[in-house]
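The structure follows.
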Amino acid sequence: MMMYPLNSPDQGIVQTVRSMLQELLGKKLADAVLVLASNPWSDVPMPTLFTDPDRMEGVDPLAPVAPVSSARQASALTRSPSGKTVVLVLRPCEIRALIELVKLNQCSLENAIIISMDCLGRMENKIFSDEAKTGPGITERFLSSPELQGKITTTCSTCNDFLPENADITLCTLGAEPGHMGFEALTDKGKALLESLGFKKGDDLPKRKQDIAALADKRSLSKKELFDATALQMSTIDGFQTFIGRCLNCYNCRTACPVCYCKECVFLTDVFAHPPELLLERATRRGAVKMPTDTSMFHLTRLSHIGHACVGCGQCSSVCPSDIQVADMFRTVSEKTQAFFNYTPGRDVTEPIPQLVVRNGKRGD
Amino acid sequence: MSEYKPKIVALVCNWCTYTAADLAGTSRLSYPAEIRMIRLMCTGMIDQKYILKAFLDGADGVFIGGCHPGDCHYIDGNIKAEKRIGGTRNLLSQFGFEPDRLALQWIGASEGPEFQHNMTAFVERITALGPSQVADRMIL
Amino acid sequence: MSDQTKPRIGVYVCHCGMNIAPKVNVEDVAAHAGTLAHVVVARDYKFMCSNPGQDMIINDIKSLGLNRVVVASCSPRMHEKTFRNAVKSAGLNPYYFQMANVREQVSWVTHDSMDATEKAKALTAAAVSRVFFHQPLSTREVPVIKSMLVVGGGIAGMQSALTCANAGYQVYLVEREPSIGGHMAKFDKTFPTLDCAACIMTPKMVDVLQHPNITLHTYSEVEKVEGFIGNFQVTVKKKPRYVDMEKCTGCGTCMEKCPSKKISSEFNEGLSFRTAIFTPFPQAVPNVPVIDAVNCIVLGKNKKCGACAKFCETKAIDFEQKPEFLTLDVGAIIAATGFQAVNPTHLEPYGYGRFPEVYTSLEFERLNNATGPTSGKMVMKNGQIPERVAIVHCVGSRDVRHKKYCSRVCCMYSMKFAHLLREKTGAEVWEFYIDVRSPGKLYEEFYNRVQEEGVRFVRGRVAEITDMTDDPNDKGRLTVVAESTLTRRTVRLPVDMVILSVGLEPAPGAEDLGRLLGVSRDGDGWFTELHAKLAPVSTPMNGIFLAGCCQGPKDIPDTVAQAMGAAGEAIALLSRGMVTTQAEISHIDPDLCIGCKSCIGACAYSAIGFDEARRVAVVNEALCKGCGSCAATCPSSSASVDHFTDRQIMGELERLV
Amino acid sequence: MRICFYPGCSYASTAGYKESTEAVCQKLGIELVVIPDWNCCGATVMFGENKLRATALAARHFALTQAMGFEEIVTGCNACYATLGKAARLLNEDAELFIKTKDVLQALGLTLDRIPKIRHLFEILTKAMPDAPSERYRSLSVGAYYGCQLTRPHQFLDKGGYPEILETFLERIGFAVTDHSARTQCCGASHAVIYKDECRNLSARIIREISDKGAQIITTICPLCQFNLDQAQTGDLTPRIPVTYFTQLAGLALGLSATSLGMNKLLVSAEKVISRP
Amino acid sequence: MNKASKPNPFTSISDIATINACIQCGTCSGSCPLSDQMDHAPRELFALIREGEYDMALKSNTPWFCVSCYACMVRCPKEIPVTDLMYAFKEIITRKRTAPKNQKMPDMYRAFSRIIKAKGRITESYVMALYGVKHPLDALKNIPLAVKMILRKRLEPKALSVSDPESFARLFELTEKSEDKA
């Protein structure tokens, strides 16, 4: 455990993190930084790729919001070797998604530095922008106010994988005195970076272990409740139909999903572009058929495709125009799928994807 | 409703189980007519969508027949199918479809009687399970 | 895709004489099909596969402008080709065709005709909704390499090699042992004509050696087989003989000089010894010895010796030889790996291994053979000539605990042994049988002749062979215990010698070769032929054929006949020069493929490559066998097998439920 | 080590099987917990009269054993071993029979839930006996006789016709062994008692084979086999060769006295043979 | 009435159908220690049953000479449970009382069974005595042997018994009523 505590950062947590990232560029330790940052045109910070430290005044990775899963942007950035060292500031679930994409030959983590954080969850975009309007320093206020922390999404409030794996550096707030924080190096690369930035190793944040344990227990309990309720809901066809009753087949959830990686979803291809007589025949068989058709088919098929890879980031629920808690269904079902295949997405980049383990455990390349 | 007759889709591989079905035919080994069969080149060709579609269209049971391990005409298509179908059964069982409604059996090309036995047994098991919960609902 | 949007479907329901019609109401099925979308004509006819039936389709295509045809009749495995050719002859792409199997899978297997008709309707409707999505496909012609591989150098392998070589084709014959000849080389006389095996086989062996078209690879094994019909790449491992085949003249001096002489001779079934450098038997072909690396003092125990090298005039001995690997390009492969005699040690009641005077049939063959351990004199291990001999039929065969099948040849060779014993020693010969099976030409005559020679036949399967004797002066003899079922008494016959007519089982290594060739095996381990009656020498793997006992126990006449049959099939394939690859192979749509390589991992034939530039997977059409593993793995269905696309199968599913 | 022991009806009246078993077990620290109030297993008779009754007779001990908290029943007699084994197999395979048997025992105040494993005393002693306790009998050549029902019909312990586990055991505990072919030939069992003439040459053939092959003494693992081979030599049959129990030889190897092993009860005395080396 | 249509008394035996697989090879008879004493060797008995000769089978002494040594069962090439079938035949023959009169074994079985019912345990001397009532000659022939046994204290004067023979005997009534299949 290599903790670099900052007991009294004079400029506050957000500015400390911002200047740390600026120095990474300034000291040429990296060529670019992908991080959440506010900008004049959006009331919600967006993932932004910086190369000039001076333009980083809006950087705020600890802001309790993630309008889109940065995994997809990180994957685009590392799709093929660019020869540049890029710092990727990602939430734990986004790292897990990125690792799944690596396995699918979509990108590589060769020259990437991954910085993550104790993820206390994110709010839906609308709720975040309302709270941000009420006053400055939304991030500091969020970090110190349990009441604000209560406004995070259902998915985040039932997530017990809030600590990052496979990251080089973690921005630690759990267990720090109010207003304080620490940087934790998880890899030698992270250690070298922090030390070259002049941070001094120290002992662990005072109540870090207890706080982490407390949060983990709380989240696990609520997760179990949610999953049991959802599983019950899904256990009958009526329950399932009611759950997706208002689905419009807009496929937003697919677009927002970081691990749903097809270039074009099969449901958009002619495989599901049914000729009129087929639709009429389907209607005659049952007397009536809801349009657009194949809604259940879509959700079940998507589950069969990425059930093993769902990292529980909750973006599908956030983008659903009909407010369907798609993430609840996907996380509940994929927990059982992953148990069935004894597979955890994002745990280890060398762990092969279950469906593809065909010939004595190795995937043909 | 008249005596319940289950609707069953059988996805079988051409080299083994379909040949066994033909052999059951030439040997006049009858079995319930509720079985409706689709011929594929290999069980390894069965996409999970086909199974999901069959159940959502109201099939009460899906039977998949392939070659015995080691006998697959395409070396290990049946082994891939076994893993994939295991995953599909796990998925469907979470949506209220009893696991027994999706069966995977190895039936060799020369096993006419075994084919008949498997068909009859499967229809009995599905009849016992009763109609699928989809039945005549207007599924979305 | 103009005709795709305006399909005009013709549906034809066949009576198949009385096979479909009475049980399935064909008129009803045709009428129902007529109501389906895009069905322009729906007829039923007595015999669709007959010429008038096919003409009906052809005329409808031409007159009504049909661009899709569905025939509801028998199994596509039976007549799909017939109807496709009919459709093709009408100028329509043969793949705009689909069959519904309403005979083997409906009329023949359903009691109630109402149910049968309903099922036929559903299957026909499903075929119609599938054919709607069919696309035109074409097969490709691929040139066939004009050479072939024969695995196994026994009589079966030699015969098929000779027949193919005589037809002018290059043949590679790979034999695992140092010499060709197989089991037949061990025999002296052969039934039913009693002509001597060596006399009829040695000329064939020499033919094989000297035939310009045959390349002989002895002491070699098949390591790997790749490719497909007409274009196989076979990797063969030539085990080191430690003797240079060009230099060796076969003079045999090395075998005399070799000091380590106490090695049990496999060829003589362990009844005699051989030296470390040896040829299995005098008429070995090629007549070049091999050094047994385990027992050789230099190679096995790495001590000083080299006697063979010292005395070899042509300096042919080479202790440094290493295994050689060579790749053969062949168009067809014939498996002729033969059989192995059942080892009766685990058959407890017969006492083989406990009692020295209990011999297996192969051991007796060697005892009786002039080149055998006793130069043909019928002498037992204890040096005496037997006065009474018992021959035990069905050892290991017709027994559900061991080999449930009849090994077909044991009755005949048992009677051959009886004849030889009577002729050579005048000993009293008893044969204990369940049923004498002498079905072949001149076989029953041979059975009568042996009876006339005074061989005593007792109908009763031997229950036990023991050295416990009742009469003291029988001490030292064996007692054969069996019920004589015809005289309803238990026989306890003291004898001097017992011959166990052991059954046949697949040769060791057949399982590995089966996996290499992709040929499956039945419950007893014999290779499975394509069709037991109509295609006994071919296999479901195109281009791979079977000859001899590897497909099941058989005698020499049947083996030779089957070897010529397999050669015939192979020659038919090679002489065509071209082979049509199947149309139903996979391809990957580059617009949909995102390069995740899942399909590459799923392909058992490594038939999918990766285009690094475009980051898409690409199918090698020559290697693809159309198994569909890639299509089922690809979530976006950019990988799909022609004629088994998602739309076609899900179309069929649409009306099936 | 405590074993749940089922003595069987012939145990007490044998030529020293009871004495030698108890002496050897006592010496090896094995406590023989006899099933209290055991009954006759029905041997070959009851399955020939009434299948349910035969099963119930045997299953009564399964219930008693279960009550005593044991998982296995050990018996020294081949007939009991085979009959208890057959009942156990039938109860495991035939659910209907199991229910009927359970009801019968219920009416007798016994509850049957689990079927114990059936073991022969020989299996216990092969594990418990130490290697070669004494070299005294190294030259005494023993002909081991198994009888029929230890290795048949289920060849769990060894091959059915020509087993070797008894020879291996005897060599390990210090005896010489004679190889012979009568190991599992039938001695005539209960038929020999009432069909004396018809079964005479069954035992005679076995004794002649073992002595011809050079054995000085025979050992058996079943009361009825010992009785038949022993009493077969009371008539005019020569040669005379003593027929002992394997537990008696085990006792001798452990240095126990012949009388404490009940060897005085043998019809053909083993006195001379065991004192010679 | 032709023989074939007579009812088959052996259908109550659960695995009687296994004899259809018999190829009449004689291994069972050859392995049987007492097949020479039998009027029909086991192989022949199966053939008789298959050909509908039920009376001959019911009157045959074959099952009564079966010593239950299982040699036939381990060697039968069709895995027919010969010995188990012999037990089943004995049960049917006992129930139908068709055993041949000169057969001694049924009387031995009856004596044996009566002693178990009375005492719960077997004492050889008591069985011999009860059997001797019907076959005095055999009993007498065993006298010299009995004397030797007494001299070596191997004959129990007092009959062995379970603690409560009356309640034990109820096992016999409980199993009597149910005419279960053999």
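All chains are identified by letter, namely A, B, C, D and E, in their written order; residue positions are counted from 1 within each chain.
Here is the rule we use: contacts are C-beta pairs under 8 Å (C-beta built on N, C-alpha and C of every residue); 3 or more make two chains touch, one makes a residue touch a chain.
A quick note: this is a predicted structure, and the numbers were derived from the prediction, not measured.
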Exercise. What chains touch subunit A and also subunit D?
Worked result: C
For this session: Please flag the chain sitting at the greatest distance from subunit A, going by CA centroids.
Result: E
For this session: Please state whether D-E or C-E has more C-beta contact pairs across its interface.
Result: D-E
For this session: Can you check how far apart subunit C and subunit D are, centre to centre, with Cα atoms defining each centre and the answer in Å?
Result: 51
Exercise. For subunit A and subunit C, what's the span in angstrom between their mean Cα positions?
Worked result: 57
Exercise. Between subunit B and subunit C, what is the separation of their C-alpha centroids in Å?
Worked result: 31
Exercise. Got the subunit B residues that touch at least 2 other chains?
Worked result: 48-49, 53, 76, 80, 84
Seminar exercise, completed: Shared-interface residues of subunit A (touching two or more other chains) are 266, 305, 355, 358-359
For this session: Would you pick out the residues of subunit D that each touch at least 2 other chains?
Result: 160-161, 185
Exercise. Can you name every pair of chains that touch?
Worked result: A-B, A-C, B-C, C-D, C-E, D-E
For this session: Please name which positions on subunit B make contact with subunit A in the complex.
Result: 48-49, 52-53, 56, 76, 79-80, 83-84, 86-88, 90-91, 94-96, 133-134, 136-140
Exercise. Which of the residues in subunit C end up touching subunit B in this complex?
Worked result: 75-78, 101, 103-106, 108-112, 115-116, 118-119, 122-123, 126, 515, 518, 520-522, 528, 532, 540-541, 584, 602, 604-605, 625-629, 631-633, 637, 641, 644, 646, 649-650, 652-654, 656-657
Problem set entry | Residue numbers on subunit C that touch subunit A, as the complex places them | 37-38, 129, 132, 591-598, 600-604, 606, 610, 629, 633, 635-638, 646-647, 650-651, 654-655
For this session: Provide the residue numbers of subunit C that touch subunit E in the complex, in ascending order.
Result: 349, 394, 398-401, 434-435, 459-464, 481-485, 488-491
Exercise. In their shared complex, at which residues does subunit E touch subunit D?
Worked result: 33-34, 37, 63, 65, 67-71, 73-74, 81, 83, 86-88, 90-91, 94, 104-105, 108-109, 112-113, 116, 120-124, 128, 131, 135, 138, 141-142, 144-145, 148-149, 152-156, 160, 162-164, 167-168, 170-172, 174-176, 178, 180-182
